[in-house]
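Step one of this worksheet: look at the structure below.
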């Protein structure tokens, strides 16, 4: 495995202009929804980075930026040191081939009008994989069978709504595989699936990164699952990463108060393991003009004056584990 | 809210301007001009034609004509009719009452009857009342209003001799006082009935479908789970939620009131705007046509705005972006 | 095969759609078989004038020109359907393209187009049609084109809304992530998936086109060289008390045809409603 | 059918008080102005006729002149001077007398104002003299024996000088919208735009009206108006479609009269069209018109087939010997064959001609029937129907047509033919030109003696029948229906009173 | 302990034009007062159907309900609708998943609360209701101002709490949470669960918690019922079942859950998917997906077997060893 950073996300930010409602008038200046606000992370080849955080903290936005479905307001991501911005300008097709995304909702990932066969053939045609339709058809069959979808011929003829969520999600991953991507973003790929089938998907992703050496960014709000799949975990809060480290470090030894609260609230299926939940005060926040202090400060159970004044520094601990909280070493 | 209203007003103004320019362009591009009418039948004197053109400024370049008209219109002056040589605003104001009387009565009646029927049908979905009234509403919806008018005249006026077939008042009797209003009411029966009948279906359908839709909303299930009686759920919750689309439809039909009754006015010789329009088209009475069009566009814009605002007041969910 | 079966099943499942479908099939049969079904050439000005029902073998009588009303009604289907289909097609294509582009590309394009749609929605269209036809002549082509280009805004509005929401749908995003171009996405994903409400609306629009044509004919603005029900009512108006059959049957024909399209449109609306089509998008 | 017995004759109801009663006349639209001289206005005319006077007027046949403000008139020998002797008992409603000054003022103003309808006709008038209060002399700059007829036609009402002569244009004067000073059997009581114009009897007038009230009820739609007549809501309806005649005749409460006058429906050929320039083509087309069918189907045989080139109704001037050819399909084909035309595979000799007609009055139907018979001959045509104004623009202004159907007054005097077929004539839309015809028409106009004039006109018609620049199809006859409870309607006064003069109307018993 | 609700062979069938959907089959279980029962199962396994059947919220025409559901001795299914209305909310209340749509969008929260309160206490004054509601709002950790807001002015989490508060208006004896916390994020969900458990203790309520998240059950219930395709596979105390699942389906479910802190074992999915509920099955409904299925499983439906620890299992594997069998 290479040690150089394969994917590096450098200070990426996505601010949406805030439209409407009266608050804008009060402050006079333009308001921003800081969906992602200065995120820097890196992923090695064959590594799975999990991202957790509550709803609306900007996980999906980050995913969209990485796939360049959206252009970031600030910062850029680099693949092998090449800026994605430059890549997409130079050759959009080539870029999309390198970076693939698996979406949350498998029921909605395919156009309901076409058969699975047609859907699978489209990228092959677009990328001129396979010499003719027949060859492409064979590629599809092979892919489906490898993904455990049998009988493949029958599935090719079906429409998306005639398949189960788990099957669809597998097809979605298979389709991505056709392009041999080097970087895969999985945006909550199993949250819409039944518990009993999602293991297949998770295993497929793990195999993918292990076997093909692709970097995977795994987005989820299911902490247990994230820990299970990921090598590293980043915890996001209001558009910023507040803690990062190996999966075990973050889960077993959380440093940031938010991470602690999150993990403590995450019920285990082990009924005997009754932990004391850490309560978070206040209502869920909105990413509208946060700051200037620590974004978590208004809800934090151990906030102090310094937290209120400026955003805390990154505090690095052993094993690459870091968190942004001014109270860590005290 | 304020910003929203401002924006809507801007759209309205834009619409009026575009409508206006479009109308002007169409009239100028079209063959024929008011001179033909002014000269009278069987008259081909080129001198007279030229003199008239000069008199009404029709020989000037079209942009000049447009701006000069626009300028006076902006000052609130719609000019004089070329044919009747009277202020257009005066002609319109004399006619608009009749149209509004006819259209408004019919719209209100249709809204009331249609909505009530729609609600009843929704509450008895699948039963005889629903089937019959839905079927009837389809049929009336498919009926050309002028044809229905003719048929009603055929039956009630020439056949049974019950009701007058044309006009707004009995020219011969020239009633006064209470009798005068009775007379108008009598003359209104057939045209209003025609209009109402063809308007009912849309209210019926919208009321029915929105009641049905709201009935299936989750919050209604909640209220049921609460143990509230169906009657109360309906009166207090479904009704208010379901009535909103009716408000919009009513508003829109208000806006198109003038255009909507044109054919009926012609069938029943009702002295309203619709006929004024037809006459003005036939005579190419540019100022009158432009004036009517302007008034119509403005009133549509205003009514739409008002509808939107009322809707917003009734439905707290609406946000202004 | 299976698809056909499914289509048949949905049609059977919806009473309105079924009625509409049967109606439309009959109408289409009449269009094709008019020469067979009609008892004589409707343009034939025969000797029998103003015959009443059944007289001299004229099932529905004749008019003052000696034309056979029954045959005219049969041939009138052609006109009505032509007006309906072509004007709805124009309106549909315009609406879908304009609305689709606006909704899909969003941003300034959308702001501009939707404002345009708003403006056109607010124009009194019947009036505009009336004006254009009255001023520029009343050939049936004019009528169809004018109805088409004055009624697109409602289609555009629907399509725009569809495109706007489809744009957010995962399969569009995923197509983009699969490297498909904007144009491919617009034509392969947005339009096919968003077009159904427009189809239903267009079917409704066909009813309105028929009614509009009839209304214009009633004002004496119909095309004289074709057989049209609206014109039959218009000319029949002169004979309303003496030969009521001229306008009465034409009116009934309009009612039935319009009804068929309404039923069809409503049925389609139920069946093609996106709510029934998509899963997981709730 | 239903014979509208519902209300019977509503006229009786209000007449039971023993007075003159109310008479309601259908009007198709609003009058353009209450100054009837500004424009030639069909809707304003009947109103003006009952509120104002002119020197002389045409009767309902539109052939005979009857005196009005003038008791008598005469031309000089060579038809260059026309003298009117006015009645001395006419007073304006403000008490002023109607004098020659008013007449002079009226016609001077019309002449000076090219936008007024009669202005063009005044071109022949050099000057007007008013030697005394009751004499008016029109001095003409060339002989014109027809002027007096035109004075009895449109837009020649005498206006009160003392009211109008204030520097304001006629159409701007408040009198034009609300006439207070009039001179006629009725005066204006009320005008409701789009509804009705109500006139009441002018008690001061020298020949007081029999009626108390005369109402013009505005009903644009013909079918509605017929309904109204049958329901007794109106009393008089003139000039409606022939289709209603049978039905109305069957109604015992309604009296129907057919009033004929010289406005035949005709077919005009454009000589700028290469095909139609060919006399054989025109002849073939003329032979392919089945006038009997048109008369029967479109006009319910009210308007009779017309073969003469000038309405045969005007007996003294019409040439009924040399006429357009009779209907003959085979003959028409032969004419074309003889002229060198050959039929194509479909049996068509000529294709691509358009017939322009305007909407209403049976023109489209007529065109359709003609189209069908033309097709039998092998002449394929398209019909283009326009709304009147557009048609008028196309035909009369741009002269962009092949064949058109039209109607219109060919009277009151055959001299009007100059305008229609004379070289460069204002209404010569087809650009026909024949010097011999021009000459004959000029001779006819400058001669006062009727029998002599007749020879010139008949000879001109002989040429026209050969050349066929136009053909008449059916004569004009306007059915007029009235409440049978009234007598002495305008058309009862042939040779006695003017058309649209309702002052003689009275209850039948 | 006294039994508050006892289901005996409850079946719910949706009757459509073209087919019948057997959404709940042979449901039998009972709940004691003060208990909390978690009902878990995959999507479409009939959890909501059962909940709605208990409150009789289904469309009477298109739904067939059979069996008996005794609530404090009265059969909910045979009750007249008047009696049912009496019971609703006062005795049994429910919180639905989609709180966003569970309240009328055009009325303020206060208005709706008043109306709901008046259904059972027509005499109550406005002030009284407001006080009661504000007390409940505090209980679910919401500010007072919520009382005067429109639903759309609140976030999903807030609305969910409002819905819970409203369900507590009359101190019901039994409260059903139909996926009431599923839409929320972990932190909020954890908080609400905690609050609910707390309240339950204070108010002496019985709770049925419908969810597909095992961890929610683990954290907040003492009994669990595992549902599959309309049938109950296994019912018993949480600690026993989660520790030692007996039914193959339960085992499969738990296998596909990674643990938060423990070892990372490979996850196992259950192959296949939910059967078509409109078809009547001969044998065990889970058989087609069951790794341990034998020929017998496909032929005949297994009986419910009761184990020593009080749990019920419906599987051929335990038919012999079950307590019932020994009796």
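Read from first to last, the chains carry the letters A, B, C, D and E; within each, the first residue is number 1.
Assume a contact is a pair of C-beta atoms (placed from the backbone, for glycine too) under 8 Å apart; a residue touches a chain by one contact, two chains touch by 3 or more.
Owing to the predicted nature of the structure, the values given are computational and were not obtained by experimental measurement.
Each step here moves to a touching chain, and the least such steps from chain A to chain E number 1. Just to note, of A-C and B-C, the chains joined by more C-beta pairs in contact are B-C.
Each chain gets a centre from the mean of its Cα atoms; for chain C and chain D, those two points are 44 Å apart.
Here the CA centre of chain B is 38 Å from the CA centre of chain D. Between the Cα centres of chain C and chain E there is a gap of 50 Å. Work out the mean CA point of chain A and of chain D, and you get 88 Å between them.
Looking at chain D, one finds that residues 2, 4, 223, 227, 230, 386-387, 390 touch two or more other chains.
Residues 11-12, 14-15, 18-19, 22-23, 26-27, 29-32, 138-139, 141-144, 146-148, 150-151, 153-154, 158, 255-256, 258-260, 262-263, 266, 277-278, 281-282, 289, 293, 296-297, 300-301, 304 of chain B are the ones touching chain C in the complex.
Contacts from chain B toward chain D in the complex involve residues 30-33, 36-52, 55, 83-86, 91, 94-95, 98, 150, 153-154, 157-161, 164-174, 266-269, 271-272, 275-276, 278-279, 281-284. By the touch criterion given at the top, residues 43-45, 49, 64-66, 134-139, 220-221, 223-225, 235, 237-243 of chain C touch chain D in their complex.
Chain contact summary for the complex, chain E toward chain A: residues 42-43, 155, 157-158, 185-191, 193-194, 212, 214-216, 218-220, 238-239, 242-243, 252-261, 264, 266-270, 273-274. Here chain D touches chain C in the complex through residues 1-2, 4, 222-223, 226-227, 230, 241, 243-244, 246-247, 293, 296-298, 300, 359-360, 364-365, 367-369, 372, 382-387, 390, going by the rule given at the top.
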